[in-house]
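The following pair of complexes shares a single chain, chain A, combined with chain B in the former and chain C in the latter.
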Partner chain A sequence: MAAPMSSVGKPSAERSPFNTTSFQKKTRSKLISIPGTRPSVQNGQLLVSTGVTSLDYLLGGGLAVGTVLLIEEDRYDSYSRMILKYFLAEGVVCRHELFVAAAQDNPDDILQELPAPILDDVAIPKPVEQPRLSVEPQDSLDAMKIAWRYQNLPKVQSALASSSRFGHYYDVSKTMEPEIRQAAKCHRFYLPEQPTHSSPTHSMRLESYSALLKSLQEVIHREGFDVAAPMSKSRNILRIGLHSLGSALWGDDLCCHDKPRNSRALTTFLYGLRALLRSSLSVAVVTLPSHLIQDRALMGSITRLCDNAIALESFKGSERETNPLYKDYHGLLYVRQVPHLNCLASKLPDHKDLAFKLKRKQFTVERLHLPPDLSETVSRVSRGELAAAATAASAASACGSGSSGNKHLDF
Partner chain B sequence: MTFPLGAERDLLFCFTHLLSDRQSDASFLVHHFLSLYLRARCRVLFLGLVQSFNHYSAISQRMGVSLAQAKEKGQLVFLEGLNESLSVLIPQETDTGSQAMDFLRDPSVGLKSLYEFVRSSLSSTGEGREGADDTEEWGPPVVLVDDLSVLHYCRATVCSQLQGNVVMLTRCDGEEEEEDEGDDEGPERLLKGLTHQCSLTLHVRGLPYWLLHFLRDVIEVQVEVRWRRRQADGQYTQNKLFQYKVHDKGASFFARGTSSAVL
Partner chain C sequence: MLTELLQGTDAGGFLLIQDSTGYCGRHLLKSFIGAALNREEVVHVLHFEVSEEELTDGLKGSHIQRLHFHNAYTDPLGWTDHPAFTVHQFTLEELAHRVKQTSHSKPVTLVIDSLSWVLRHQSPPAVCNTLQQLRKGGAVRAIIGLLHADMHQRGTVGSVCHLATSVITVAPGMKGDEAVAKLTKRSKSGKVMQDEEVFSIKEDLTVMVQSRPSHVGGRQNDAEEQETDPTANLTFNLRLSDTEREAKEKLALPFVFSREKKTALLHSGPGSGRILYEPDANDDYDQEDPDDDLDV
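After this line comes the complex of A and B, so read on.
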């Protein structure tokens, strides 16, 4: 059931002057259509794609404009970084503007690693060749023989072709072509390059976070992402990617100590980030090395201050990597929080027992099912483990154990 | 949305209500109280610290109350914390706006400016209407705070004395078995301190996992009502346990174990 599209439903809608009646006529003309977004079917929110279609599905159709997605990193920051790159790549394909902030890696390096989109309908901008489009049908050697009536129609190479689809697919083995990447406007914030101020910082705020917040506000004002900005020019979405917030490289000791000195600096920053996002047409993805934070209550407060929150746990390096139960997957995914914006309750898919896998062309998230035990020779996990433990403990000869030991020597 | 606490009328004359939640979301109760007090024609001061005005407005509209209208008539004073906070967190040369969110600037300042804002708003709503022809009689003032934990996240010292009705939402994360070690401003302490001062506590708690798995579509959490009356003959606490289900227009409450999924 399609929700009525109105400006009241969007969280980042402008604060219209109060009319004499509270009842506002819902007109379609008020809604601005931005490429790469679509309204939610539940409550009319404006949604953008995260770049991973199964993650979009879990979040209720996409990421709402004006909200934050928190990704709790896996141990080696491989898959969380991958999702961040997907998010930024989706922004490039949809012609949104990007803002990348990092303390560890140069944002340019992150941008160079973006996965290549699988193009069938993404327009590669070639400004030099566009004037030639009109003469191409006459120049082409292979004139249409069967569909000759369509000969003179212009080829569909419009710049908005990429916006017709909501989510796109990416090939992880290749990086994005520089021409496509440079077509999108990117703003960078690399912490080591920022000038350090000698002004005394408040006990509650870190200089790095304050500088980041200030830089974000500047970009939003300058590029016209404010909701209150004049509607004359075409609107766009700003995608903000903040890599590894809270890590020691940002100057924060959240991950280093059990009782950090400025424990509230990150939460104050997240509150300011929420304030910025709610009043502008932007969406943010923040990754956080939560496995280094000992204080669960602090982690809870960080989660509360972000709207959407997921956590990744990869199997790399753990004993689960060789576990046949998990052989198809690369890790587990937990959905910690999903917001209810402008409504009390919303229908969301089930969030239990999710696992993800990264294949060359797709990052999928699925429900984890136990494989069916079809034959007797297939050893279940528990039995195999028990047998191994039994033989290891007893150190007896293998002929004594009657288990299904296809890995044990049989005499 | 009916709220089976005996007499809803009593709620209007309570002093302080505390809504708290653990591992779940009790914000629907804030919306309920907001629409309840507005419909009861009380003067409401709402400190919306975590969401924008449009969010509350959209939900209240579905519950049948218009926040914009109430604001125009002077019944509702709305502090949009998110907007005010930006001018504090990112100091500009020209700093205008109310000082209510000054606690973000410096923890030692405390909530004094916020308290001043509340006090001045409550006292001025009665006087500002002298020139108007239709001076309406409003009921007792109510202060609603959503969400008090923000003050804790941003480390403000909470010691406020407010008269009238106060409804606050605070959040508590972490397991119930764990104790708060050492952190002197932990959320547990805040919760305990507030519970001591409040006369009615509504505590929203997640169901145990096995039960949640069984009843996953229907029930979300348990609402535990701790009611403490301050009367001359001593205090007594009355605990009631309900379960509820949140849907689009509100929440429906029912007694424990009587949801439609189980019966």
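After this line comes the complex of A and C, so read on.
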């Protein structure tokens, strides 16, 4: 269309003399622009950051709106709780709404422990090529004495991060300011405070999950997160954090018995949750104490019902704590499932053996690789042991020598 | 760490002693009762497995008046008409009511001997719920429970341990009256501390902690490689004295430039990487005839 029809009917006096053309681009895209989201480069889904940039990279750029992320907790629930707090803190910084449900701790306690965002600078110091001689700190040139020509070249990144500034960084040693936190709207669900109105014969497990699902549905409908709601007002995302679902405090005996009596309560809830999320602008993160669940088939069906699934294994208390292979890291991370939404195949992460470490300003997930082989004779024995440990830990190891590394080749 | 745990748990703490048939954890439980009494706390003991006389054996002194027993030993399942305490009365309301009757506004420690009895007759989620609400509600200050780990499924034991702030797993030790305790403590900030100690309990119920257990099997030795100093035991000198080290640092290396030259080279403007080359007569590279310069 050369000229839009609206300008034909206008008298010529109304036309601005500086306007050379009154052509207006027709935007056909239905993508709603919500702060804190961006469309995925792979399939155009609207993505939301989890708060941990390494995890965003693993999940294909971020969490798609309308999906569930399942985190299988580590033994003492320290790192999975940390990721949940990152997720909620990211919601506060992006001005999304929050919904927190817990049975063990009060949601207010969880919200008070959110880490403080680092708002002004990037955490990773990336050296940038500066064409002009800017004022530089003197000690940066002294950092490399002999190889100073390599000073300004970027360092090799073994941390997984995507290049755009989609997520934010948080300082774990400080908690978020109350002013920032109170600016975000939070909905709470604390199971002991919910009224129990059921007959004694009705099993309590279904009661807690159905109350949670009802509360979620009510919040989504009331605050206008339905996709079918009128598009008149500005849209926002609801971030749902469910802490330690399936534990005994929710009334579920999934973790207590080898053959739970009503094993389908949690799976029914997850099915209903996913159906609710698909029809609304919300994202959910669910943590589950999977180390207590003895039935592996049930664990598999729970994993299938969630879109994304990762598992954390911390080294605290296991014999891996003293293993020199793992001394830089706090635990291992397994990606159990990556979703394929509206497509046939999904982007799997390139590396299967991943390890994480929690630093003060960053939670990094890195590829686990063997340390460099520095000396000839000493490490030949130890390299075989380390390689055997690595292959025992993961099916596809980086060096792939298997357990035959112990034998020396003597000619 | 065992002595720290004996000296007191913070408010809202749940300490779990896990034992097995190899070593009975009741002696350690009695030490904890004795330590709590010494700290001037009011202790309520809910006993299912042994009688009151057996529990007070060894606890002496005037502290006994702060010790209150809830007898669930004689009739735990309510077979007679007037049971003192049945296992079905293990609920929040009942326990809070009983504890409030004799508290006199002092901090109350509830000791349960043993949780295994309760878990056998009530569903584990209900028991976990009661314990959690007792802790959070403020009715009792701390809970100490004994659990026989070999009586339950792994998931049940795991669920109860997941609730606890400190877990002590006791096992028989090498010598006769010694035992090995594996301790795990979770602090409020989320930090987890672990320890393993050998201890023995004396007649007056005080705990003597001995040294750490020696690891059988040399697992630790494999992990730590002995670093031998290669500069030792040589006929020539490979080490540096301090003056020699200073002189080495002062030596100007051939390609070490001054700071200004470094910055000039590092931040050179565009086009500094050009190679200016004028080809001379010998570089006449003719594509057609490669053997043009052969003098044959």
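Here is the rule we use: the second predicted complex is superposed on the first by the 290 of 411 C-alpha atoms of A that agree within 3 Å, B and C clash if a C-alpha of one lies under 4 Å from a C-alpha of the other, contacts with A are read in each partner's own complex, and residues count from 1 in each chain.
As a working rule, a contact is a pair of C-beta atoms (placed from the backbone, for glycine too) under 8 Å apart; a residue touches a chain by one contact, two chains touch by 3 or more.
From a predicted model like this one, the values you see are computed outputs, not experimental measurements.
Student: One more residue to check, A:319. First (chain B), second (chain C), both or neither?
Tutor: A:319: touches chain C, not chain B.
Student: Which partner does A:268 reach: the first (chain B), the second (chain C), both, or neither?
Tutor: In the superposition, A:268 contacts chain B only.
Student: Could you tell me if A:293 is touching chain B, chain C, both of them or neither one (first, second, both, neither)?
Tutor: Only chain C is touched by A:293; chain B is not.
Student: After the superposition on A, what does A:301 contact: first (chain B), second (chain C), both or neither?
Tutor: First partner only, chain B.
Student: After overlaying the two complexes on chain A, where does the chain B footprint on chain A coincide with the chain C footprint?
Tutor: On chain A, the residues that contact chain B in one structure and chain C in the other are 204-205.
Student: Under the definition above, what is the set of chain B residues touching chain A in their complex?
Tutor: 25, 27-28, 31, 50-55, 57-59, 61-62, 66, 68-69, 71-72, 82-83, 85-86, 89-90, 104-107, 149-150, 152-155, 171, 173-175, 178, 180, 182-183, 186-188, 213, 216, 246-251
Student: Given the complex with chain C, which residues does chain A contribute to the contact?
Tutor: It comes out as residues 76-78, 81-82, 104, 130-133, 136, 138, 141, 145-146, 148-149, 151-152, 192, 204-205, 247-253, 255-258, 289, 291-294, 316-317, 319, 322-324, 378, 382, 385.
Student: Show me the residue ranges of chain C that touch chain A in the complex, using the header's touch definition.
Tutor: 123-126, 128-129, 132-133, 136, 153-156, 158-159, 162-163, 184, 186, 190-192, 194, 219-220, 222-223, 225, 253, 256, 259, 262-263, 265-267, 269-270
Student: Give every residue of chain A touching chain B within the complex, in rising order.
Tutor: By the definition above, chain A touches chain B via 8-13, 15, 18, 22, 202-205, 210, 213-214, 217, 259, 263-264, 267-268, 271-272, 274-276, 278-279, 295-297, 299-301, 303-305, 340-345, 350, 352.
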